[in-house]
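Think of it as A, B, C, D and E in the order they're written, each chain with its own count starting at 1.
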Amino acid sequence: MDGFGVTFAFWVLTGVTLVAALGVLLSRNLLHAVLFLILTFVGMAGYFVLLSADFLGMAQVLIYVGAIAVLVLFAVLLTPRAGRDNGETRMFLPALLLCGTLLAVILFVITDTNWAVSEEPATVSAAGLGEALLSRWVLPFELASVLLTVALVGSIMLVRSREEEAEDPR
Amino acid sequence: MSGIIKSEPFTLNIGPQHPSTHGVFRIKVKVDGERIVDAEMVMGYLHRAMEKLAEERTYTQNIPFTDRTDYLASMSNNLGYVLAVEKLAGIGVPDRGNAIRVIMAELQRIASHCMAVGAFTNDTGAWQTPVMWCFRERERVLDLFEMTSGARLTCNYMRIGGVAFDLPREFEPATRKLLADLPGFIDEIEGLLVGNEIFLARTRGVGMLSAETATNFSLSGPMLRGSGIAWDIRKADPYCGYEKYDFQIPIGYQGDAFDRFIVRLEEMRQSVKIVQQALDALPGGPHSTHVPLALRPPAGEAYARVEGPRGELGYYVVSDEGPSPYRFHIRPPSFINLSALKEMTVGGTVADAIVVLGSIDIVVGEIDR
Amino acid sequence: MTPGLEHFLTVGAILFCLGLTIALSKRNAIGVLMGIEIMLNAVNLTLLSFARFGVGHGPVAGQAFVVFIITVAAAEAAVALALAVSVYRNRDTIDVDKLNLLRS
Amino acid sequence: MPAFLITNNWYDFRDLGNLSGKLLDLLDDALPFGVVYVIAALLGFVASFVIFVLPSQLFVGVYGERKLIGRIQSRYGPNRVGPFGLLQPIADAIKLMQKEALTPTSADRALMYLAPIVFVAPCVLLFAVIPFGPNMVFADIPVAIVYFLAVSSIPVLTTFMAGWSHNNKYSLFGAMRVVAMTISYELPLVLGMLGVVLFTATLGLQSTVLWQKEMDIWLVFLQPLAFAIFFLGASAELNRTPTDIAEAESEIVAGYLTEYSGMKWGLFYGMDIGYAIAAAAFGVTVFLGGWTFFGLEKWVPPWLIFIGKTYLFYFLFIWTRGTLPRLRIDQLMTFAWKFMLPIALLNLVIVATERMFWVEEKADDSIVYAFALINIIAAAAAIYGWSRALGYRPENTPQKARLVSEAGGFVPVDAHGEGSK
Amino acid sequence: MTRQWTGPEVAAVAERLVPGAVDRSTPAACYLKAEKLVETMAALHAAGETDFVHLTNLCGVDFWDHFEVVYHVQSFVNNAIACIKVDVLDRDRPAVPSVCSVWRGAWMQECETYDLFGIRFEGHPNLHRILLWDGYPGWPLRKDFLSMPGGLQPGLDEFSGTKRREPPPVSVAE
């Protein structure tokens, strides 16, 4: 991990991602917050590519930007009377305090630990990842697919309106 | 989306300036997602009070007004009006005049149906290709009108007691050439659209009207025939010698937008047949009887109707022996056909509403008069 | 400054805490969900940086975990948004302050 | 290979990749570290822009499309500006720049201004992974297919931004339709691509082309179902006519573009063409052998073959646009979920079986021809059978109106679909 | 050819179906009494010998002292058409029962007649000014509507052979 390009990319990505995440927190408009969230996801995909996880970076864009963000947009549009503001509850300050403390602790741990960093950059190709998923990690992989199916069925059941349930011949 | 995702109903104004309202016409629809729950028509943007204006002009002076009601079928409108006045005043028309009237009315039907078919397919989203093809053929019909009457759109050609001018010499060969080409063109449009799955998916089952509903809504023309009712004024109450010509009434199956479309296509074929026969048997003699310019028909009333391209085009004229009509009322087919719009659109999607509006084939000049 | 493991971990930590703040303090249920998504992303970043710098069980384990986290996040997002829409339909609001069905 | 065909010398400019590679090597020796990357980036950008993007977008996308559509619609198309109207795109651009940029009062200004700008970026990014020739690919990353699919999902959000920001109901309709449609069409698209990847065992685009070159077969023959799914899905995501429900000018005026004017609209218009060309290039690379043409690439510059194929593919988009009516949104969604998704899954099963057989039996490479035959038959059978199963009955559709010769009341449709009179 | 029912023919059938429905009849048309209009129309619509299922035309005529509402009804099966009229005598508050319950096609035509003549159709589901805007001054197709809102006079009275009609024998309402 050296070279001007990588360093430059890291700092640009850091700037973009953190500003976007702050935007999610501070933006007054819920739609703007969603768009900032998408920017966060894109920045995160950039990090993934930087960390030599090409496939995961692309999957991040495909899934988070292409699917999850769109789902969030849908949910925002489907709840029109709920208001499009992105305000905070009165727990904002306590939450901020708590998270600040947590951040301080984590940062202390990060700097204090002596990480056993290997000199050789450890990477794995998409093919290698696929093989691992279908050999060593095959059980969680199958479980994940079951989970996705259950989530699909569950969310369809949740959003069905009463009229549609009545129409259903069963 | 429709039906799957519920959202707040909100009002959408389709028109007055909208690419698919065929003029300045507005539908206020209340939509829930994409599904229409209520529709209200707003019209009158083009109201010119023709019925009032006609009461101040002589009978002959009123003919240009009828051009401007349904500006896509001016010949048919002229014909309906002069028939009403002739019925009122008891004026006969020479055979040649009648034959020329039939030729013109049928050519006008072809031109108007070209426009209707093209605009309808444009509304289903065929990106202007069918409409340009239809315009290509319509131009040739309009060329014939220009040749005969000097005008392409608002012809002002029919006169009380006949027609304004006799046919020019080059009219017959040009018309025969057009008639030779038209069946091929209709087959071409049919080949482009009737077997097209997307077109079928967009039009079959959209805007369904049963025969009872269609009758009860006072519909006429292709709307009525699309619902399976064999009713054509040319057959039922022949005027201008239509009984001499051999043609058939095309009717639809279940009264959806697609049926109206194929009925229009078939009507164009029948019109070609009629013009062919009329040209073959074109009698000689005068094209018009002499009628005084300031005509004063006897007191009374007359209701004459013709089968216009959009349906029953009626003219109700009341005379008080004055030089101008005492009361002049137009029965505009597309105005009355519109009354079934709400019936056809509610429950469908916005895209369906546009298709239904296209299948009614409205002309706003006729709705608002 | 060439980025090392600590840099990535720091970014992950900041993002995680930001996400936590959002999740804890937003009034809108969809806002809360967005905070959770950011937290999951921060965890992904941390895992991937460990994988990349050879800490722990090597690159395959880290990446495989990220795959599972993305899967779970997708499922979670779908279900949570369906819940939000469903709650909105019944209660006409998705303000988490006003959702006190259990308190009554 | 005879020595005089491709020499790999820089002066053999049948292949621009040799030339540019040589140039960069020379510069790398002469210049300090890192500068050559910047120069390569600039060179790649300028060269691809001048050689491909500019002529594609302006003269094929704008002029060619308008001219072709004009001929389809039996009119002339642009023929006023310049010789044969060739300068029409430039005149269009000048006109668009001069136009007033309208902003609705209640619009979300930031989003409205941002949307066209964000719309441009993914289009440029898409071309980065397209191989124009043997060594003429800007970033030959190993996961290029996923990269392409991922990046091409970003413009949807831009479209949504554009549609939402205007505070116009028609725009919102367009935005909702785009979002709903894209999320449906991405699924069969990815599943279809999976079939291709199973055969080639690579996610890279250059290696996909090389695989096709080595096997001497195009993937369109091997994967006809995937090709059909790709074409339909791409035309849906690109908002081309059979599926242009997002801007459906006869229904929702222009969808998300309703309130845009001037160059903001122009950016959307130009980039729509750019995306279509990118999709065409991707389709050519994956399914139609990229820059190869069964050996012809030894004689003709490969990038010329590639560009020619891309334009031919783009012609398919123009053709459908000039011919077909538009589907309704619910029909479009039904098509994606009920037709394309099962077909894609079936394709995946077939491909997996074949691949398994190939690997397990250690069959000869020429078995792909047998696979191609099987797959073409299977594709036809699957499409026909599944559409019949979904209730497609063309023989029940009336072709012509019934004819009766007497006026009267209602004529019922009898069992044979003919009038009783 | 379509059979044109004369006034007395329609009157005879209508009198038989609904006694006391007919006011008078002329050769051209049959005049029905307003209070039995809807009932008679429904009977004519339903009866097999008339079978007037299609309301072709509906319009109003102003005869200075009274209005007439003209209905042209036709039958598809019998291929017949008839003209039915109703007198509206009250000029200040003209009103006729609406036939929307019999033919829904009357909906827009009645709106139009109301818009241009000011004849109220009682029982109409949504009687509104369909062509002109709400609050338009006056009823344009009445004969006493001679001046437009700007004081302009319609017509071309200098054309030879025509002359403006005599001023109305009733007071001109602005």
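Here, contacts are C-beta pairs under 8 Å (C-beta built on N, C-alpha and C of every residue); 3 or more make two chains touch, one makes a residue touch a chain.
All values reported here derive from a predicted model rather than from experimental measurement.
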Assembly fragments, subunit A aside and the remaining chains unmoved: B, D, E | C
Distance-maximising chain from subunit A - centres being C-alpha averages: E
Longest centre-to-centre distance from subunit C, chain (CA-based): E
Chains most often in contact, by C-beta pairs: A-C
Most centrally placed chain - per-chain CA mean versus overall CA mean: D
Separation of subunit A from subunit D, taking each centre as the mean of its C-alpha atoms, in whole Å: 29
Geometric centre distance via CA averages, subunit E-subunit C, whole Å: 72
Distance from subunit C to subunit A - Cα centre to Cα centre, in angstrom: 6
CA centroid of subunit B to CA centroid of subunit D, Å: 42
In subunit C, residues with contacts to at least two other chains: 89
Shared interface positions of subunit E, touching two or more other chains: 76, 79
For subunit D, residues contacting two or more additional chains: 176, 180, 407-410
Touching residues (chain side subunit E, partner subunit D) in the complex: 76-77, 79
Residues of subunit D that touch subunit B when the two form their complex: 69, 72-75, 169-170, 173, 176-177, 180, 241-242, 244-245, 248-253, 321-331, 333, 392, 394, 397-413, 417, 419, 421
Residues of subunit E defined as touching subunit B within the complex: 1-2, 28, 53-57, 59, 61-62, 70, 72, 76, 79, 81, 83, 103-109, 112, 116, 130-133, 140-141, 145, 154-157, 159-165
Subunit A residues touching subunit D - in the complex, by the definition given at the top: 3-5, 29, 31-32, 35, 38, 42, 45, 54-55, 58-59, 61-62, 65-67, 69-71, 73-74, 77, 125-127
For the subunit C and subunit A complex, residues of the former touching the latter: 1-11, 13-22, 24-28, 30-31, 33-35, 37-38, 41, 44-45, 48-49, 51-55, 58-60, 63-64, 66-68, 70-79, 81-86, 88-89, 92-97
